[in-house]
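Here the structure is laid out as structure tokens; the discussion comes afterwards.
For clarity, chains are labelled A, B, C and D in written order, and residue numbers in each chain start from 1.
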Amino acid sequence: MEQRIEVGVLGATGMVGQHFVKFLQNHPWFELKWVGASDRSAGKKYGEATSWRLDGVMPENVSGLTVEESKPGNAPRLLFSAMDASVATEIERAFAEAGHVVVSNSRNHRMEPDVPLLVPEINADHLRIVPAQQRRRGWKGQIVTNPNCSTIVLTLGLAPFKQFGIQRVLATTMQAISGAGYPGVASMDINGNVIPFIGGEEEKMQQETQKILGEIGGDEIRHLDARVSAHCNRVPVVDGHMVATSVELRDKPDEAAILEAISNFRGVPQERNLPSAPARPVVYLEQKDRPQPRRDVERERGMTVFIGRLRSCPVLDFKFMALGHNTVRGAAGAAVLNAELMCSEGMLD
Amino acid sequence: MEQRIEVGVLGATGMVGQHFVKFLQNHPWFELKWVGASDRSAGKKYGEATSWRLDGVMPENVSGLTVEESKPGNAPRLLFSAMDASVATEIERAFAEAGHVVVSNSRNHRMEPDVPLLVPEINADHLRIVPAQQRRRGWKGQIVTNPNCSTIVLTLGLAPFKQFGIQRVLATTMQAISGAGYPGVASMDINGNVIPFIGGEEEKMQQETQKILGEIGGDEIRHLDARVSAHCNRVPVVDGHMVATSVELRDKPDEAAILEAISNFRGVPQERNLPSAPARPVVYLEQKDRPQPRRDVERERGMTVFIGRLRSCPVLDFKFMALGHNTVRGAAGAAVLNAELMCSEGMLD
Amino acid sequence: MEQRIEVGVLGATGMVGQHFVKFLQNHPWFELKWVGASDRSAGKKYGEATSWRLDGVMPENVSGLTVEESKPGNAPRLLFSAMDASVATEIERAFAEAGHVVVSNSRNHRMEPDVPLLVPEINADHLRIVPAQQRRRGWKGQIVTNPNCSTIVLTLGLAPFKQFGIQRVLATTMQAISGAGYPGVASMDINGNVIPFIGGEEEKMQQETQKILGEIGGDEIRHLDARVSAHCNRVPVVDGHMVATSVELRDKPDEAAILEAISNFRGVPQERNLPSAPARPVVYLEQKDRPQPRRDVERERGMTVFIGRLRSCPVLDFKFMALGHNTVRGAAGAAVLNAELMCSEGMLD
Amino acid sequence: MEQRIEVGVLGATGMVGQHFVKFLQNHPWFELKWVGASDRSAGKKYGEATSWRLDGVMPENVSGLTVEESKPGNAPRLLFSAMDASVATEIERAFAEAGHVVVSNSRNHRMEPDVPLLVPEINADHLRIVPAQQRRRGWKGQIVTNPNCSTIVLTLGLAPFKQFGIQRVLATTMQAISGAGYPGVASMDINGNVIPFIGGEEEKMQQETQKILGEIGGDEIRHLDARVSAHCNRVPVVDGHMVATSVELRDKPDEAAILEAISNFRGVPQERNLPSAPARPVVYLEQKDRPQPRRDVERERGMTVFIGRLRSCPVLDFKFMALGHNTVRGAAGAAVLNAELMCSEGMLD
């Protein structure tokens, strides 16, 4: 790829937008040339309009970009959307209608039956619904989404189990504060504390998981007929969502078969060696007390989900712990990997 | 009760022992007059032998007691055991054999079929096994135990559900660092982190719960035939174990019936108005984001288990969060309440 | 005092207001009967208008009070002000002009030369400036203030040194997150972190300390001619400001003389046995690693400042650590103690 | 440098030793080929003898090395010492006597007048004392040390001020838990807390700073005649020591002169472009609330000290905040940079 593809970020000044800016830095295929935000920021330099909240410093080449209004016009064809849910529905549609490829991290279109909800290692084939989406809506462009950050960790953790027939899943999360953006969770609420509630999170995990593990049927993505239950909690951790998971499997494999399935698990991103794809999307840790968010979340550039403590479950069949980086594999990295997958399919030509 | 009963604490210099010393301060029925510890400390004043690790200061009347060896002799009849599991088996037996009433927080004898594993609001009737224990072992004294700290929170949280037929329980804990004693968990391990493993904890929760919810049959306590699965995690919280719980019930009650059961739930300690009994052993919190350890754990002197977020579970029948104070209701307070129950039964006469 | 004095709280729905509501609960002299807040809350019940952020639950007798507009009218004569600095100037003046005794925790009038900035153990005599305040301003009422939370800890820590001639003070704070109110400090900013900046705090500590240690001269309070330098930092602690202090003293006392001064230090509140006065306002802790915020801040109902680690300083003369409860001794408790002092002076008759 | 120099680490299995192993990974000049530890570990593979406590995983090429006894014999000439202070004195001497170049992070020999206590950007010339050390002790080898972790941060922060004549320094630290090794600080001690005491730390900071800023005189390093006072505190931060510093300067420069001195400050490691030298050893951050440990400590591979908030001090002349990475610039990275400096001087030929 001699010349990089120009890309833009919608909602670039917010916390998720900043994660996109950081993740796209030095990307081999994509070059960030356009940043969109609210009218309040439009016209300013990105470096002036943005309070940089991430560790380290703002990439220099981005700080000089002029922030644009979130309207089709001079934007590149490929746009990553980091927009707040309160405004994403209309804006994403407007861009798709105008011919843009909108690769969105926002929740707004995730559950529509003709919009792919991608985890490329699991359901890359769901991209085949896009022509139906364009036909039904009369769009030249398209919208493709990635799941909620906790859903991605759960579904990647479950991915090696899929071949054994997933029937029931019970997941309890311990989620990092970075998942709530900025200012997000007040320190008075979470310092030395656990908050056993995250608005809308359990519903998202339950429904999105069924869609991701589902199959295309006609013009729609049909949900997997599995029962999924989530307990979602916030804990005082900076990055990394932990998901304590119990699963019931149709085929009743033994532990060795599951460990082998985890060890062998690869997806389309690995086959095609996509730039943001980790060598292995799911890695099993042998130590009895791993994975741990502070110690493991930055490994493999945050794109691998780590599993540990596989053991039999007296209530369902097996239980284990999964960990993933919520702002990388669970957000910006997820969307960029989606775009790389689409690129490898020729969808950006 | 005009004259208080003299009591002692075995393992008094350790962290759990300190919790007993603190909890027994100003107790209306019991007066702490004897402290036992390892030979290393014997002969010293308690105030010299002990590095006080709890908030505030050591009770003055205890600091002047002379630490005794952990051998029957001049000890009071009623002894609370806070001994480390590595030494508790032999020492507790020796005291029971010598006629002492050993009310133990140690795990060593918990699972023996003729030893009560008490949560007084749930299975006060299990005390009826004591004569069999004495007969089988030829003891004048006796050993009575309380469960592991996380088990107490789980079983009290489940107690109002018992009437509906508990069939399956899946519990994921987020446990406080004080549960590991002192020095316990290294700050390098838990600062901004989650540790998804606590040695032996899951087995204890699974087995102890079945015993507590079981029934006496002949000379033994028979376990409830329910399936219990636990995922145990350590989180950076000082006090208070959270237990995210899903439960399957034989009678399929609706939510209103359960809320009513929680609201009405009382046990023998409440009926008899025992000194350490909370007005209500289980309290439901209506706010959508409660209970929380830092904000709720000290309420009701740490003796109440708080439940919140009752809702239907797509995998089992209902799910909810339970919180209890691990070093009070889960340790020292549990044992003292056990002794109060025994006192009210005339077992200390 | 057979009948309690009715009092009100201005700004009662905010975080500081909630601390007043909590601290005034069961007060022997004062009865909270009136709560004022912004127009947005006026007319609602306090329980509905307020998101209770403190540990435990809202006092029942207050939750039923109707929130009033912050205007003189039906308010009691004695009012505690917990108003935000953005609105306190005009509102406090209006109440003072209308004859109310405004005992304020807000910073707005603190540095005016005819307004007492009280720490009752140090400068109770500054109340004598009030007649000048009333005369100069033509007020029937009055405004009396307490210092910033970190200043109170520093000045009480310094109080026993005053007799030796304080010449230079260098103070570095480690301040709790509760000092910033709610939502206050974002968890993404402070989790596992230190923030070396608190807006305006260093200036307040430097100037207020000089005023508190000063003397009345004519119609004004004249500042002590001492040099004070503050470094202010936020640390991930819930309650309790630590102040690492070095001090230069005119009289060059030895360590024993200072320890004796600390041991003997009492103030007017102790002499008059005011209800919120601690037995000793400043207590020296002998252990080499104390005071510590989590372990010591709740002792003595949060009204005592704890000092530790007194030792010689190679740069100034002595150095030590001081700790105080920022929302109790540093805010609500400070103002209530001020009112008790005024009551004992007959200023509320 | 076509062939890398073989090096060893004494005390390689401990926490500091692990930091050396990690820091030496892929070093362009040095190749870790030898690991020494206590007799208990000797003979085992490093991967078996070591509980890896750092983030990520143990370097593969090191895990297969056989742990050696800490005795001269087959060890490489250049050895880094990460030994515990309880054993370092004798062992380091034995190696130096046997001709080894011991580059030590241990405190044991730091304050001896013929042992360099190096911060290469400040006192590279102190290496000239080595021949005197060898002559006086009859050693073929030598011992060179780096300062305590907090001292390095303080002295690098002060380095640009040196030209103005440092007369008095008052430093208050907020130190990370990683500075105490493993298991180090108990979580029950530091969770949501501050510990205002670190054994021996204040004395080290005070004395080491004077030596580092001193000059060679005859066969000894003579201390700078400046007064230094330290308050040392532990805070719940994983990595990064903060040092709130006030300084008195002989030449009374203005703020602009100091900022220019910081901006221009470079040392020998920068001139010679040593592999571990940061481009700039001291960097000033303009933002009003920086540096912050969690956000800045990993920048520049942990080898830069960040300064912020320079402002005038009412008691001394200026005050500012300094931050450095305690296990990198304050320990393993410091020693490796010392060895690089020595290598560039031809001392390893």
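Note that a residue touches a chain if its C-beta (ideal position, glycine included) is under 8 Å from a C-beta of that chain, and two chains touch if they have at least 3 such contacts.
Computed from a prediction, not measured in an experiment: that's the story for all the values here.
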item	value
Joint neighbours of subunit D and subunit A, given as chain labels	B, C
Comparison of B-C and C-D (more C-beta pairs in contact)	C-D
Mean-CA-position distance for subunit D and subunit C (Å)	42
Centroid spacing, where centroids are CA-atom means, of subunit A and subunit C in whole angstrom	48
CA centroid of subunit B to CA centroid of subunit C, Å	41
For subunit B, residues that touch 2 or more chains besides their own	191-192, 236-238, 294-295
Residue ranges of subunit A in contact with subunit D within the complex	55-57, 191-192, 238, 294-296, 298-299
Partner subunit B, residues of subunit D touching it in the complex	53, 177-178, 182-192, 236-238
Residue ranges of subunit A touching subunit B (in the complex, touch as defined)	168-170, 172, 174, 191-197, 206, 227-229, 231, 233, 235-238, 242, 244, 246, 288-295, 308-309, 313-316, 319, 321
